[in-house]
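Structure below; questions to follow.
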Amino acid sequence: MIRVGIVGATGYTALELIKILLRHPDVEITQLTSRDPDCPSLESVHPGLRQQLDVNFSLLDIASFASQVDCAFCCLPHAASAAIISKLLDKGIKVVDFSADYRLNDVGTFEQWYQVEHPDPERIGQVPYGIPELFRDRIKSAELVANPGCFPSSALLPLAPLIQQNIIEPSPIIVDSKTGVSGAGRKPNLKFHFPECNESVAAYAIGTHRHMPEIDQIIARFTGNKITTIFTPHVVAMNRGILSTIYVKPKEGITAEVLQHELAKFYATEPFVRITQQPPTTKDVANTNFCDISVLPNRDLVVIVSALDNLIKGASGAAVQNFNLMFGLTESAGLL
Amino acid sequence: MIRVGIVGATGYTALELIKILLRHPDVEITQLTSRDPDCPSLESVHPGLRQQLDVNFSLLDIASFASQVDCAFCCLPHAASAAIISKLLDKGIKVVDFSADYRLNDVGTFEQWYQVEHPDPERIGQVPYGIPELFRDRIKSAELVANPGCFPSSALLPLAPLIQQNIIEPSPIIVDSKTGVSGAGRKPNLKFHFPECNESVAAYAIGTHRHMPEIDQIIARFTGNKITTIFTPHVVAMNRGILSTIYVKPKEGITAEVLQHELAKFYATEPFVRITQQPPTTKDVANTNFCDISVLPNRDLVVIVSALDNLIKGASGAAVQNFNLMFGLTESAGLL
Amino acid sequence: MIRVGIVGATGYTALELIKILLRHPDVEITQLTSRDPDCPSLESVHPGLRQQLDVNFSLLDIASFASQVDCAFCCLPHAASAAIISKLLDKGIKVVDFSADYRLNDVGTFEQWYQVEHPDPERIGQVPYGIPELFRDRIKSAELVANPGCFPSSALLPLAPLIQQNIIEPSPIIVDSKTGVSGAGRKPNLKFHFPECNESVAAYAIGTHRHMPEIDQIIARFTGNKITTIFTPHVVAMNRGILSTIYVKPKEGITAEVLQHELAKFYATEPFVRITQQPPTTKDVANTNFCDISVLPNRDLVVIVSALDNLIKGASGAAVQNFNLMFGLTESAGLL
Amino acid sequence: MIRVGIVGATGYTALELIKILLRHPDVEITQLTSRDPDCPSLESVHPGLRQQLDVNFSLLDIASFASQVDCAFCCLPHAASAAIISKLLDKGIKVVDFSADYRLNDVGTFEQWYQVEHPDPERIGQVPYGIPELFRDRIKSAELVANPGCFPSSALLPLAPLIQQNIIEPSPIIVDSKTGVSGAGRKPNLKFHFPECNESVAAYAIGTHRHMPEIDQIIARFTGNKITTIFTPHVVAMNRGILSTIYVKPKEGITAEVLQHELAKFYATEPFVRITQQPPTTKDVANTNFCDISVLPNRDLVVIVSALDNLIKGASGAAVQNFNLMFGLTESAGLL
């Protein structure tokens, strides 16, 4: 059994991660940490886990934690995450990081968009980006993987192969995303107070969302091509799921059918990416690690729709997929 | 008091129309028709109206109906609507038509997109399109007004002035719309069965939605310019509201601020269109006749967000605004 | 025009109150107060009101406030409310109080259930309880009215006439209520964070809810009979509405039909209480001042279902009904 | 591997059953039947299952079906179910029946409440009722098990041990249940059309719901005591989950603590029933096979709240639990 610990285990992604790991045949959860000095009981934070797991929250003590785990899943906010991860790596522990700290290609872009000094700048750009379908080989041998952002996952899975094949124009690429409210995290906030977002839909962070440079840089890393995505997130009144509607212009002579065919070919043997004839819905991928993608023409553009569960394929499912690769396990263990 | 009748009064737009008209100081509802031969009681169809209106459903008899109303609101499906409207007009009654029958510029486009023979082809192209902010003068003198589609309303209000001013490129213009489920009507259907659309978001009718030619033709009618909109509707898990996220490319040297300024100027004296600094939400316009619009930059494009209530400003509120103009009443009567 | 001010106008009940008053033919809103020293703009707090009302938030200054209003609606929390109201009354202003401060019959019960010293104990028990259907005459001549709790409104409207007629047993009386989340107010809280209450239903405050003594004491005040209600509130995933399912045992020989008949007789001329054949739904009373009530047999008990909008008939609509009575206006002004 | 077939596999319970069985280590799904003569593809009916299961729908042919399965899960409507089950049993196949056909104690009660002639009256009363926590031994040796109703499961799990212990009064026992909309099945119907039940809560079938005699008869079968439950179901705006709020009167001298203690003792070793201190929520049991139960005092009554997922512990999870027992497998296989 591989012993795992979760750093910052009070939120929604951590809850989903625990549920997946409880089903995983090769894993034992040994540590759950919280930054709340009162260390509430697991049942009071995650009542759905009552009687399922006999581990309570503790404050993070690096030495003690490191002695009890083989792998850490780190669910801390950006900057807080990297500050701890370098210490965990020093102890010889493998880490999957849920934050944005190691996703980008360079520290300058990180500090420009996150407005904070990076605690571990040397590693930026050296850490594999945790979409196994795109970077599997690098993930397999990594000590640290940067788990991808939920919106970037929904954009990169369809876009990366098409840009690599050079069959769509680099501009315009418009990603109009709709996310469930769990994507905003578990901290109460007027914007996500039930009566504020129920019976409503809203765009936010127009032109300023931090996932925009992440999409662009990972495309560049994977394909060598520079693109400038126009990304607009929206929050809709549901708990979980991201639907991204992506508008691209095919290169001269290329049809929607060609784009669909290329994606089908690229993902032919992947267990978690499915190319669909009808536009996918978030309902059909909720609580799963699938990303479903359709490709349909709309006048001179092509509309690609991708759907995934922001907490699973967009976070904790991808994290376990990465973990499986890092430890040489079956990639889909715990995930089907 | 102006006597009004509603043809096809069992659906959601009719219910909202009745609620508005019950508050209207100059209106008496005298007729409600249904195509159901059993003519259910008003309370059984619209329980919320119990004790509020002493009119029951009857089958439509043109002569009898015409003798008891000064104005008809026609809420029938396309083709069924035009078949009746020509007869009502012959009786000297004014009509506001909720269907698509008289919205387009030519019968060929209608028959291509609606796949049915038009029952009254001579009138197509002669009927004012019922967005008062764009076509007020023609509406004032009309016997028949084509009430606009809900998605086109959300797209045309922001786009028409900008294209008229020639400050955005004609292509690409992408309209990514999110609608509440009431937009699909009241007829039960697996797609809109509660567990199918709750906790989900879905794109539909990609490249094939009938509101696409409507947007293009009305832009052409208002501005003389031809555009080809890329329109994609989505259904989200809420009852009412449309949010349209519109991606446009400003002409060389034009900024988002300029676009916003022009819209603010165009709508400066309009009671029902508000230009906002922050992106509007559907919650803030629900149950009102407002359309709120924001304009924000996103890299080399500009993102315009418009929000309206699909049943009010997108249907019944606009209809009453048109009715008020047709009868020389205060335009906002019943609507604030 | 009667000049009104709203004390504590940043919450959901205040927003609904403003919307109603904007439609009221005899009212001018002149003052809106907030306890936030930054006094945000009205648009930033209630974006839906943009361009509808040219009054901004100010801090409450009793003398200045009193010189500009004829009536105050006080939307402060309990204890904070009574501390201010006595001063407003001293200035000769009429007041409708939304808090629980003046609802109960005696200060002892208040201090037992609210665990705070009452700032104005002399007035308790002297203030009319603001359900016009039960206490209209006293309200008409009052300077201060205690606006009722939302759950008590839904229980008292059906129960009071039946207990007065002595046709149901005093025990058991079980009130199982389901409320939308707006009933919890606008302050962010993990319990009402969207992903926590969406797709869920939960009972709370079992045996400890403060509306329990309110129901009992007002029944006693209206009928002279003592009852001990078993009340259990539940929060369901919707914005607004309360459905109370009330289980009563008819006296020997009394049927459900008799109970229904008595309620129909009692409310025969009331504009805002409707007795229905089918169980009412919250959807059909949402955004209205109606309370709908059905009475149906279930074995040896009778099940009464009442439905109202917690923010309207359960709060701001009732408040305007009370205001209308206090100022000699048409009782339904602004409310239909 | 045990070969299983699902008869009537197009609905929500069948979908959940398939998902559970796909995770079950000892099961192979070999047959899925539909009554639709067009036999749509599995992906078109259940898009979430695409690429997960290589079985398509077929029409039921008893001989062919029986040759390919060891166990049938029958998800047909009542009466249709029993007509087929007797034939399947004749072929030597074990059956778990989701319908109400074999749940009651006698054919008279069945025909009175279901208003249809029973196709297999001899078996009624002989078939174990499929709540393993109450009838485990009989289920283990059964060829046919009557899977319980979703509401009865939520009522029987808390009530049966308390009535058996004779520590609550037989009357009144009030079960006020709130269910998600998936409980109404997948067939489109105006009542469950999204805009009709979103933002609403409604009571239905007051005094007439078929689960009322089921609760009473199973209590009688398990305890020998006759009770007459007052049961009222409500539909709330969520997909899945049942919360039952149960009002009971403890026998003289018995407290809520005693009742809680007895339930904790009764379920001490059960993997799927959890006694909680705080009232449970449906969110915390959604997508699981747990039933969570709390016991709290409210004046002279006790309020028991039980929560389960109507599609899992209330249907398909219980069915797999029964299946595991019938085939001598680990009872929780596929369910944790």
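A, B, C and D are the chain letters, set down in written order, and residue numbers restart from 1 in every chain.
One rule holds for everything that comes next: a contact is a pair of C-beta atoms (placed from the backbone, for glycine too) under 8 Å apart; a residue touches a chain by one contact, two chains touch by 3 or more.
Note that the structure is a prediction, hence the values are computed from the model and not measured.
Traced through touching neighbours, the fewest hops from subunit A to subunit D number 1. When the interfaces C-D and B-C are ranked by how many C-beta pairs touch across them, C-D comes first. Ranking all chains by how far their C-alpha centres lie from the centre of subunit C, first place goes to A. To find the repeat of B-D among A-B, A-D or A-C, check which pair has over half of the same contact pairs by residue number; it is A-C.
Averaging C-alpha coordinates per chain places the centre of subunit C 39 Å away from that of subunit D. Centre to centre, using the average C-alpha position, subunit A and subunit C are separated by 46 Å.
Computed centre separation for the pair subunit B/subunit C is 36 angstrom, with centres defined by C-alpha atoms.
Within subunit C, contacts with two or more other chains are made by residues 180, 196-199, 237-240, 280-281, 283-284. Listed in rising order, the residues of subunit B touching subunit C in the complex are 22-23, 47-48, 50-52, 199, 274, 276, 278, 280-281, 283-285, 287-288, 292, 336. Residues of subunit D touching subunit C in their complex: 171-172, 174, 176, 178, 180, 196-204, 206-207, 228, 230-232, 234, 236-241, 243, 245, 247, 249, 279-284, 286, 296-301, 303, 305.
Touching subunit B in their complex are the following residues of subunit D: 12, 180-182, 186, 188-190, 192-199, 237-240.
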